[in-house]
Amino acid sequence: MTSSSPVTAPAPDGPLTSVAVLGARGRMGVEVCRAVNEAEDLELVAMVEGSEWLFNVADGGAQVAVDFTRPESVMENIRFCIDQGIHCVVGTTGFDDEKIATIREWLAPKPDLGVLIAPNFGIGAVLLMKFAAEAARFFTSVEVVELHHPNKVDAPSGTATRTAQLISQARAAAGVAPAPDATQEGASLPGARGAVVDGVPVHAVRLAGLVAHEEVLLGTHGETLTLRHDSYDRSSFMPGVLLAVREIQRRPGLTIGIESLLGL
Amino acid sequence: MTSSSPVTAPAPDGPLTSVAVLGARGRMGVEVCRAVNEAEDLELVAMVEGSEWLFNVADGGAQVAVDFTRPESVMENIRFCIDQGIHCVVGTTGFDDEKIATIREWLAPKPDLGVLIAPNFGIGAVLLMKFAAEAARFFTSVEVVELHHPNKVDAPSGTATRTAQLISQARAAAGVAPAPDATQEGASLPGARGAVVDGVPVHAVRLAGLVAHEEVLLGTHGETLTLRHDSYDRSSFMPGVLLAVREIQRRPGLTIGIESLLGL
Amino acid sequence: MTSSSPVTAPAPDGPLTSVAVLGARGRMGVEVCRAVNEAEDLELVAMVEGSEWLFNVADGGAQVAVDFTRPESVMENIRFCIDQGIHCVVGTTGFDDEKIATIREWLAPKPDLGVLIAPNFGIGAVLLMKFAAEAARFFTSVEVVELHHPNKVDAPSGTATRTAQLISQARAAAGVAPAPDATQEGASLPGARGAVVDGVPVHAVRLAGLVAHEEVLLGTHGETLTLRHDSYDRSSFMPGVLLAVREIQRRPGLTIGIESLLGL
Amino acid sequence: MTSSSPVTAPAPDGPLTSVAVLGARGRMGVEVCRAVNEAEDLELVAMVEGSEWLFNVADGGAQVAVDFTRPESVMENIRFCIDQGIHCVVGTTGFDDEKIATIREWLAPKPDLGVLIAPNFGIGAVLLMKFAAEAARFFTSVEVVELHHPNKVDAPSGTATRTAQLISQARAAAGVAPAPDATQEGASLPGARGAVVDGVPVHAVRLAGLVAHEEVLLGTHGETLTLRHDSYDRSSFMPGVLLAVREIQRRPGLTIGIESLLGL
């Protein structure tokens, strides 16, 4: 029997998983509803927005709830779902150690129930970070270029900063020497957009027409390896959300990030 | 204590490893001699070419021999080194199952001795293949573009063909559906250079100025991941050769390929 | 006085140009209305769809009409506009020599009036074709890679085919020898998607997540030049449409394509 | 009759042009000698190095002399060639306005003789700069990324700085508004390698394995255009040198740069 990939090829003849979407009219929620509707192995049984009554979620028989709401409401939503025996996939931000600990407490008496909280559901971005960290110790030099639309407020991007940190940690753990750099001139000029993050240069390009792109360049004697992720629109997060919806039923307890779901 | 990376940051204060190079005047051998000379933790104690006497290798006290000779001489060289208790790193081609079995027999009574045979010492190329195979099941579509100088006789390249095979195997194992393709027109035109390898399109570009380059493109909803390897000259294989020289002393028995040395 | 670029920096203090959009509810028409609304130097005075009365266009005082309708209605629209003294910018397809000749006849008695018909309003794509044709004769090898979403029916794309034709013409005119290619093996395998167009290999990649992308690779001794155009959505045609709206008032007679408007 | 391209397809049946190389044992001179030898329409009649007697050049009957020597000797060489009626192609650096004026004086009485002085013979780099300057006014945003080996002392590179200046001039001449940039955070971090040159951000990547690469990114609504030049080794300058050798005989007087030879 062929085991199907959770991401791209769900078994079409198994039982449907019923899904509720909280924050269903938000930017991300709308996309989640559409993606669940289009997935043959999932059924959308509840769409909740704002003050609507959460009992819809339980009445609809949801097995998994997806939450893209707001920091001030997400804890209440998670509490309700755990009480009702509904698995949670959470993309809402704002979790600190205290909230994380609280969720673990709530989950303790429910050994079959799973909650996943992820800051980034983009499978491509997660893979890029993983590969960059793995490859970093084999190369003399590593630099990062991130490219975004010009309305972005922060530079470098959070994802690029995180990538640089992971690269730096991997190189430190392997005892790799700093990348060589003979640059002498130019120090007095105003620098280009970007930053050196834990020893890794991160260049930030802002260009009309672009969406969200990241490139990691690794070089050694006579060869380079380039890892590039291009995100064209919000729908790029949906495969990661659907992956989480499918997997959370088999992963009791609290899971942070989608990395472990990728089975790498 | 910091553990040093075997590839890029050898511990400078440990004892030197003495190295002999067989085929020292060949294209690759010249590069190996240069790379060993430049490595602070290695000492070049013998350079052997053609009919020169192999006892130089033993007399020089070589701990590791690197063989880039020819299929008709490599077995004799390996036999000699095993007899003398010298580890072997072999880049010469032409090994079949019978020869492999013979080497295993020779190694059986020498539990501390290691022989490594690798078809490709390019760390970047090996990483590219590994990452492509790992990522392949998370994406709807995968295609390969390989780009080489116009004097190359085969198309697609062996490395690209191997990459496509690994991608295809990974997708089959995960039960991923074939990539969608609505192409209807154009079938009657003469196709462009390249081939469909196990269901994966491999496009072959031949361009003056290029050396050896490979790109794996993976796409799903709203995002793509691109993995690219650029090899600029023969020296790009040296980090892999040095890695093998350093690691073979800790890896008794026969090792095929450098993948397992990368510790991924 | 600074002369402003017609594309990106219209003079903000000049008189507004009043614009009518025909086919205002079509895919492209909606984008045109939005773009005209957002342009500080343009005023949207009429939106016409289907059977609505064209006199709206004249009543609204339109100076320029933009037509993204259908081949069966566009000639009538152009006739009306010419009669009323309204300049036309036409993105509708389906013009043959006969229709072109007819429009020239209609324009003959109106020496101040301009009509522009363009198959492609994408400035980036037009520039890519121009640069590729200009550079082609200086390089030993030229190949084209076009990359699109997997729902595209034709391969290679019309734009890539046109690009290859222009490259081929430029090389023929300069007497450039065919690109070298030592490929011998692989001819018996099924080729990859793509075609050889007038001697120029065009590789066609189809990948989920992509939109419309084209890359021209040119190579000679020790160097390559790569020209790449990425189109992320339909709005990419709007700068070209607005350029045409602004320029057509100064360009009496019939203009085919936006190339001449770019002033290159 | 087919007119042949001066760069890639010299007429093979015309008379040979005899060439002398001054600085024949220098890094560039060696490459020039090799390139002249390999060109079917050129004949290498003299190789001069250091204190060797320049009369060799005249005795050998050279029609064109190529000078890659040193600033302190180049003026004497040019003077000698002009006196002998030999055309000059000069890649040596260090020319100021005074020296340029002197050469013009020397050329005045020789209406048929040509001297070409070029800071960069790379056709790809020259085309990249030309195309970037032409395209710059049609896009909302423009940024430059240059990538080099880590032994390079200056950052950004001279070519990238020159490219940014040309882009800035073209945008100023067209009255284009500055590129939008909402970046607020990150200003306090140490910037990444690079500089803002005349308003154009230039990012400088230094990576082991790389040689010399430059990328110009141009973006507007929904589309981007990317122009990239990759120089893999010194031989990349040879097509430009040979172009100059062939063309200088038809271009009396002083020519600065190879741009005008490209006939664009």
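A, B, C and D are the chain letters, set down in written order, and residue numbers restart from 1 in every chain.
Here is the rule we use: a residue touches a chain if its C-beta (ideal position, glycine included) is under 8 Å from a C-beta of that chain, and two chains touch if they have at least 3 such contacts.
Chain-to-protein mapping (UniProt): A, B, C, D = 4-hydroxy-tetrahydrodipicolinate reductase.
As the structure is a computational prediction, the values presented were derived from the model and not from experiment.
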Contacts common to chain A and chain D (chain labels): B, C
Identity of the chain that, by mean CA position, is farthest from chain A: D
Gap in Å, rounded to a whole number, between the CA centres of chain C and chain B: 47
Computed distance of Cα centres, chain B from chain A, in Å: 33
Separation of mean Cα positions, chain D and chain B [Å, integer]: 38
Junction residues of chain B - those touching two or more other chains: 139-140, 209-210, 218, 220-224, 230, 232, 236
Complex contacts: residues of chain B adjacent to chain A: 2-5, 7-9, 35, 122-125, 127-128, 131, 134-135, 137-140, 171, 173-177, 218, 220-239, 262, 264
Chain D residues within the chain B interface of the complex: 209-211, 230, 232, 236
Chain D to chain A touching residues, read off their complex: 139-141, 143, 145, 147, 150-156, 179-186, 189-196, 201-210, 217-224
